[in-house]
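For reference, the structures are reproduced in the following blocks.
Both complexes shown next keep subunit A, but they swap its partner, so subunit B is in the first and subunit C is in the second.
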Partner chain A sequence: MDARTQEFVEYVQGGGQVETGDWMPDEYRAKLIKFIEMHGNSELMGVLPEREWILRAPTLQRKLALTAKVQDEVGHSQLIYRVVEDLGKPRSQCLQDLVDGRSKFHNVFHYPTKTWGDVGVIAWLVDAAAIISQKALLKCSYAPYARIMKKICWEESFHILHGRDVILTLMNGKDEQRALVQEAVDRWWGPLMTFHGTAIPADEDPMVFWRIKSQGNEEARQQFLDGYVPQIWELGLTVPDQELRKNDDGVWEYSEPDWDELKRVVTGHGPMTAERLEFRRRFLEQEAWVREVVLTEAA
Partner chain B sequence: MIFEVFRQERRGQAFAHAGSIDAPDLEFAEAWAREQYGRRQESEALWVVPREAVREVHDFPDELSKTYHRVDGYSLKAKLKEARERAQTAESAGALSADG
Partner chain C sequence: MSRRAEQLLEIADDELILGWRDSEWTGIAPTLEEDVAFSSIAQNEIGHARALYELASRDLGTTADALAFDRSPEEYRSAPLVELRRLDWARTIARHWLYETADELRLSELKSSDDAELAGLAAKMDREEVYHRMHAQMWADRLRGDERFEAALDELWPYALGVLAPEQRPAFADRVGREQVDAVERGEHSDELRELWNEMTMVRRSIPGATW
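Up next, the complex of A and B:
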């Protein structure tokens, strides 16, 4: 590592923040692009499981709330791709790499939304898991990314409320509705437990080394369990893990999550991966004329 | 074209940089800025500025160490102590002479 890079590492590890025009090591820039691009992809792909339920939402209010959530998430992807673009990778390239399967998106967005119970569990628990990671990014060493995270976290907090409201309404309903929620929790528990990644120690995580992330994966998972397992239990729901319990020292114990499945899913072999990427590709091609018209008129 | 968006949260507050927008012209930029930063009434006002119009300025050297226009250029503590002591001495001296 040359002296300039060494100085940069010390600067970010000491809590220093970097702006777009500042000098940065190539490796830092590459890590930022990869990390932030995956976040942008996840926001964009993350609306598809929910979009499927807009037309089937049980009331007009729910339909509008779900539509607003979809708009929020697409808005997040636009803000995030802008940050990637300023780092040197154009949005058009990000979108092309996404539909060609050359870049990744979060594991939870590769699964089907079978019932309205899944929609509630996604907005409540998947968004809760996501907000834990995103809150930790408020301290990201790359300042333009940290700044947009403020707005993103603020909007995510609405989504969790929306999710809790959907879940509570179902839980106060009939046995069939309670069963929908329990089945959805059972389906989503596995993906939720792998969501924050393997328990790689923070000091071995390259994203922590560059202070792109400030939180270790296991720390995030523990925070999720601590915040949400009691909320699940208090509603009379169960978690499909016999080993799950909080030890006297405050640490949650759980069965080993299925890391092979995580790897399979994020490398493009999830149950809905192909279908959802095909959907994105179709719209990217179908709407190309809009971009052309707008850009020609402006020129 | 890239437009920088500055956002005022409440009347009277300073505008702070909120993010940027990629738009073909100012009209589109305004529409998108409204969607991104105003649709929940979370902003009082926005400034939408073409990125090229923003002149960024860095580095403010102080070669002459002009401490007189900085807060740390005034160390009043020692001087105030001296002045207070002087005033006290003068007061007690005055009291003595009044007794005499």
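Up next, the complex of A and C:
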């Protein structure tokens, strides 16, 4: 490592923040693009599992709330891709790489959304898991990314309230409605437990080395369990893991999550991966002419 | 049903169904900016539908949700224009521009209605519709002359005329610079409405009597 890079590493590890125009090592830039692009992809692909339920929302209020919630996610992807763009990768390339399967998106967005219960669980628990990772990014060494995270976290916290409200209404409703929630929790538990990634030690994580991330994966998962398992139990729901318990030292114990499944899913072999990417590709191609018209006008 | 309730339901159903159609672009619009814009427009239209249903529900002794979801497809009074499923940008913009232009004429008449509640609500809706019109006009200007867009206007024009009462149609034709033709009138519903209705009411019908 040359002296300039060494100095840079010490600076970011010591809590220093970097702006777009500042000098940065190529490796740092490449890591930033990869990490932030995957976040942008996840916000955009995260729209699709909820999108079809916008059309099935059972009351006018739910329709409005869900439309606004999903709109936020699209807005997040727009903000995040702008950050990637400033780092040197255009949005059009990000979208092309996404639909071509050359870049990744988060594991939870590769699964089907089967019922209105899933809609509640996604907004409540998936967004809760996400906000834990996103809050830790408020301290990211790359300042433009950390700044937009403030807005994103603020909006995500509303999504959790919306999700919780959907869930509470179902739990206070009929038996069939309570069953919808329990089935959804059972379905989503596996993906939620792998959401934060394997328990790789922080000092071996390259994203932590550059202080792009400042929180270890297991730390995030523990925070999620501590915040949400008691709430899940309080509502009279169960978690499909016999081993799940909080030890006297405050650490949650759980059955080993299915890491092979996580690997399969994020490398593009999830139950809905191909279908969702194909759907997104279809419209990216179908409406390419519109972007041409806009670009010609701007030129 | 009173003429007032009928009129409220016509407009409410138009706004509801169009709002539902607009929200189909979520996640797949040609640009992320338009994705966000169309989602806002959809939310406004559904918000208008809700306000109109609330007004009508007082006359009819029901609720806004019951009017929006619990009627059979045949009972909706929406214009065929908003029922069409046209998930391509040229037709989406053609419908958007034609509908907003028609809606401006309809709202301006309602704003001067003797019915103070109706006039007040129309004025309130119009404050948001101004932005929809600006958005629609920007896109119509941008796509003007594009053969996909012009074909979409030709296809949708008879449907667009059906949004308005016959006496408002000459002004509409003037406004968009087209000749009046035979309109596709309200009353007959397309299969596309029935498909939309099936999807829209699916969760609500799945557990009758439940609160959501």
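A few remarks follow.
To be clear about the criterion, the second predicted complex is superposed on the first by the 299 of 299 C-alpha atoms of A that agree within 3 Å, B and C clash if a C-alpha of one lies under 4 Å from a C-alpha of the other, contacts with A are read in each partner's own complex, and residues count from 1 in each chain.
Just so we're on the same page, a residue touches a chain if its C-beta (ideal position, glycine included) is under 8 Å from a C-beta of that chain, and two chains touch if they have at least 3 such contacts.
Only a predicted model underlies this, so the values are computations on that prediction, with no experimental measurement involved.
Superposition model on subunit A: subunit B and subunit C are shown accommodated side by side without a clash.
Once chain A of one complex is fitted onto chain A of the other, the partner contacts of A:G75 extend to both subunit B and subunit C. Centres of mass aside, this uses C-alpha centres: at subunit A, the angle toward subunit B and subunit C in the superposed model is 90 degrees, to the nearest 10. Contacts of A:G21 after superposition: subunit B is touched, whereas subunit C is not reached.
With both structures placed on the common chain, the touch criterion links A:W116 to subunit C but leaves subunit B unconnected.
In the superposition on chain A, no contact is made by A:Q222 with either subunit B or subunit C.
Of the two partner chains placed by the overlay, subunit B and subunit C both lie in contact with A:V294.
By the touch criterion defined above, A:S103 reaches neither subunit B nor subunit C.
Of the two partner chains placed by the overlay, neither subunit B nor subunit C lies in contact with A:T273. Within the superposed three-chain model, A:E85 lies in touch with subunit B and out of touch with subunit C [touch as defined at top]. Once the two structures are superposed, subunit B and subunit C can be ranked by residues of subunit A touched, with C on top. Within the superposed three-chain model, A:S141 lies out of touch with both subunit B and subunit C [touch as defined at top]. Overlay on chain A (Cα): least separation between subunit B and subunit C is 6 Å. On subunit A, the surface touched by subunit B in one complex and the surface touched by subunit C in the other have residues 71, 75, 78, 91, 294, 297 in common. The touching residues of subunit A, when paired with subunit C in their complex, are 44, 47-48, 51, 53-60, 62-64, 67-68, 70-71, 74-75, 77-78, 81, 91, 116, 169-170, 172-174, 176-177, 279-280, 283, 286-291, 293-294, 297.
The touching residues of subunit C, when paired with subunit A in their complex, are 20, 23-24, 26-33, 35-36, 39-40, 42-43, 46-47, 49-50, 53, 64-65, 68-69, 88-89, 142-143, 146, 148, 196, 199-200, 202-204, 206-207, 209-212.
On the side of subunit B, the complex with subunit A involves touching residues 1-2, 17-22, 24-25, 28, 35-37, 42, 56. Put simply, subunit A touches subunit B in their complex at residues 21, 71, 75, 78-79, 82, 85-86, 91, 144, 147-148, 151, 154, 294-295, 297-299.
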